[in-house]
Amino acid sequence: MSGLDFCGLALAHRVINASGTFDAIAARRAFGDQVVERFPFAAYVTKTVTLEPRQGNPPPRLWEIAGGLINSIGLPNKGLREFTRSDLPQLAELPAPLIVNVMGSTREHVGELVAAFAAREDVAALELNVSCPNVATGLEFGSDPAELAGLLDHVRPLTDKPLIVKLTPNAGDVAAVARAAEAAGANALSLINTIRGMALAPGSSEPWLGGGTGGVSGPAVRAVALAQVHSVCSAVGVPIIGIGGVQRGSDALDLLHAGTELVAVGTFSG
Amino acid sequence: MSGLDFCGLALAHRVINASGTFDAIAARRAFGDQVVERFPFAAYVTKTVTLEPRQGNPPPRLWEIAGGLINSIGLPNKGLREFTRSDLPQLAELPAPLIVNVMGSTREHVGELVAAFAAREDVAALELNVSCPNVATGLEFGSDPAELAGLLDHVRPLTDKPLIVKLTPNAGDVAAVARAAEAAGANALSLINTIRGMALAPGSSEPWLGGGTGGVSGPAVRAVALAQVHSVCSAVGVPIIGIGGVQRGSDALDLLHAGTELVAVGTFSG
Amino acid sequence: MQPDRVLAPFGRRMAPITAREQFGPYVVLRCEDPGGPRPQAGQFYMLQAARRWGGGDGERPFLPRAFSVLRAPPHTDDLHFLVEDVGPGTRRLCELQPRDALLLLGPLGVGFRRPAVGRRAILVGGGVGIAPLAIWQDELATILHDQPSASPLALLGFRDHDHARGSAILSDPLFATDDGSSGHHGFVTELLADQLALEGAVEVYACGPPGMLETVRALCEAHDVPAQLALESGMACGFGACFGCVVATRHGYVRLCVDGPVLDAAELEQVA
Amino acid sequence: MQPDRVLAPFGRRMAPITAREQFGPYVVLRCEDPGGPRPQAGQFYMLQAARRWGGGDGERPFLPRAFSVLRAPPHTDDLHFLVEDVGPGTRRLCELQPRDALLLLGPLGVGFRRPAVGRRAILVGGGVGIAPLAIWQDELATILHDQPSASPLALLGFRDHDHARGSAILSDPLFATDDGSSGHHGFVTELLADQLALEGAVEVYACGPPGMLETVRALCEAHDVPAQLALESGMACGFGACFGCVVATRHGYVRLCVDGPVLDAAELEQVA
């Protein structure tokens, strides 16, 4: 089987995991070393890492819908320091390049994260999760082209590693955001992240999810993902990682046919 | 059963149809006068009417997904003149107030449609479908607050009838668009219209739908609809018509609980 | 608030399945529809399983599916349908057994019109497209009971021997198989061409895959013979509401569910 | 491109159903899992029907569902599960018959720990929450075969007479029904309170609805008796990947699927 080159990373094939839905450390604990020996993904993307530890949202965090789910996990994670100390060495044992997904609510926070992982040899690339509002402007980094360009202007100089920008689908014109990311130096783009959704507790007017709203994923978002991926593939020249509702081989092929280099599996790999 | 007042329209209950999915004339032809005698909706919303006749998109126009469908119907209709001549008299026989849904690609076009129906006694209210790009600016009327305000500034003075603005879900910040519509004089808002989606012909990289992309509707969009409806209900004071994936009574109740005055049934009524 | 106003279309009703028969890969479902109007040949129903519609491949089906009425025996409430498993919706229907039920809506659309006086009917069916021809054969027999010489000719085409078991559904058909495993070796349209060469005063009634229908259309055009084609197209509502099922004709798009499914071949530039 | 890389989680496997039994509203499914590791009492599996998962109410289920292992008879490959129909997922599982199959993932999570030396086990189950107590009763019997006097006491609570048929699943239980239609009239926690008043050197193992578990927790706290509670929470992955199943403890959120489902009552401020 011939490999392929993705932004300088040598990958064995075109299928990777999506951030936050396949925890390789948990999987190894549950299923043993077969997880490493028969690792299914061509690269491993971590759950989002933030500067400080986060508890995540109050439960319930899951609501099931037709062909998918809404989650309001809220990005629980150990924070940069503890992630680097305890998780990174374990993840470095995986037989696939490591892509660390990071998020912050100021340019400086994201910059600190990028600089920290830029210094690590065991990290092959960074993915920026930009579905977070900028605490200074209130605008979501990922839904506004100018916000995103400003963020990338700040962090791009901090590393030579490939920067993958993970776009949010909750934008009026995703292609415009994609073009801004490319112009500001993103090496690749990934999409889609989850689509904002909500459920009420049965028979009540209270939100079911502890976080109020959540993000929709799974086969239910496949058609929307494909439309956004298709429009971004036509808008930019950098390689794209297609994400959204991949469950069968034909779903992955659809994203590749739409023009992506790689495909990531989220909900269905969990 | 006590009625209710919606922008001055006396309605028997809270459930109406969504534009374009229940053709009362076709239903009467297929199922007879029971359609009129046991009319299920508290008001009747027409399919979108444009100034000139439209053929609509080339087939295929439908693609089925998990719990829903993507359509690229492309707003075929007879155009203002023929609609007024042949359809309006038949629709006036329905035992429910008539809401005419209109769309145009310039302010002037929409203005002509609004003025024409303003003069008709058999029309109770107008719904503006603003999911169309302004041919002058290229921006979708419904995804940009300033575009929408400009459109309403133009058409608001042309009628005393209630103007309902039907918002598109394909916007970064639907609440901002909703606030702009309210400020510019909309009497009510309806949402969601379909979400942009796509499918490829099996095994190919060609779009399945004749229109390239289409709009996703049905239970598959329910969670996204509820999140948008909820956020718009908190953002504005005008009454809201909640639309999106209503199939069971509990789905309608969820939208009412989220704060809507009325609920419209689309795909499931077809 | 009246949640029960959230209704399925007018006239959708439950029809218990009374029998299930298999002809090679084809399943005949019989059901009882006591309330419903009796259908005409060429009309169709939107069907779904009353339970468990969904959860198949790709979490589908969601929409009901269109099926020609195969037979509607006079003086009964029975409706027969012919189903071939080609995807999640037909698979679910093929699984149904007596005591299960269908949800049905119909009869819908415009069926076949009688042949012009003096013209013999030739029925041309391909695969599962034989369905509307069975009831049409029944009806023509009634209409023409006093003119046995005008009795229609049925030409059927199937992929192979196994599919050709479906030929038992019509009376006295001639049939062809693509692989020659039974009947004429070749396409049913070859049988039609032979027949058109022999006999001019005919009217053709055809249903089958698009390629077959296009050949039928072109042959009939060449022989200046009128033809009525029962077409297929993806449908959502089945009664003219959604404009989802259009096909291109010489006069623009028409909704197949209300203006068809039977169209005059002369209306079509070609069958796409 | 390797479409077959689009895989379900490691270790998900097919387990044919070998038997189905009904106890009032509860269904016991037995299946064979020859490849899988043997479970411990209190562990669980993520289950789904191998076919037709989906298409129920609201087009669900989509995710697999968590089920405690009810029994795993030694020297066999058998796994038993107890299922109560409370929604689209459990409904589908309750429909399954021998010759159908489950897709299963497990055993998962952390089960019950042995009682401290000198403490007698009291098993307290409410409704379908009796499931993990059955295998625990089996295991304790083996562990304690040389100390028959320490044999655990099982206290079960059910809604009504019909549900109380589930009491036949454990050995020699005392039981209560909410409506008094059989057994003690009242809550199983009243039986527990009586017992705690009589006997101090006990360790409580409980599984049931949140309200019941909270009463158990508070009672055990008041009597300074250790308790292990098998909790429930909505799960997506079942193995620690998604962080969807967290419950609040005195030390913050823990993932019930890997840090539970059995938690020390002392860890919890209250059962929510």
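For reference, chains read A, B, C and D in written order, and residue numbers begin at 1 within each chain.
Methods note: contacts are C-beta pairs under 8 Å (C-beta built on N, C-alpha and C of every residue); 3 or more make two chains touch, one makes a residue touch a chain.
If you're wondering where the values come from, they're calculated on a predicted model, not measured in any experiment.
In terms of the stated touch criterion, the partners common to subunit B and subunit D are A, C, listed by label.
In terms of C-beta pairs in contact, A-D outnumbers the other of A-D and A-C. Chain centres computed from CA atoms place D at the largest separation from subunit B. Between the CA-based centres of subunit B and subunit C the separation comes to 35 Å, rounded to the whole angstrom.
Look at where the CA atoms of subunit A average out and do the same for subunit C: the two points lie 49 Å apart.
Annotation for subunit D: residues 54, 58-59, 62 touch two or more other chains. In subunit B, the residues that reach two or more other chains under the touch definition are 63, 65-68, 219, 248, 250, 253.
Taken as a contact graph, with one node per protein chain and an edge wherever two chains touch, the assembly is complete, since every chain touches every other chain.
Against subunit A, the residues of subunit B that register as touching in their complex are 63, 65-68, 70, 140, 143-144, 170-173, 195-200, 202-205, 207, 213, 216, 219-220, 222-224, 226-228, 230, 250, 253-254, 257-258.
Partner subunit C is touched in their complex by these residues of subunit A: 66-67, 219, 248. In the complex of the two chains, the subunit B residues touching subunit C come out as 1, 13-15, 20-23, 26-27, 29-31, 34-35, 38, 40-41, 55-56, 58-69, 71, 73, 76, 218-219, 246-253, 256, 265, 267-270. Remark: subunit D residues 52-56, 59, 62 touch subunit C in the complex.
On subunit D, the positions that touch subunit B within their shared complex are 54, 58-59.
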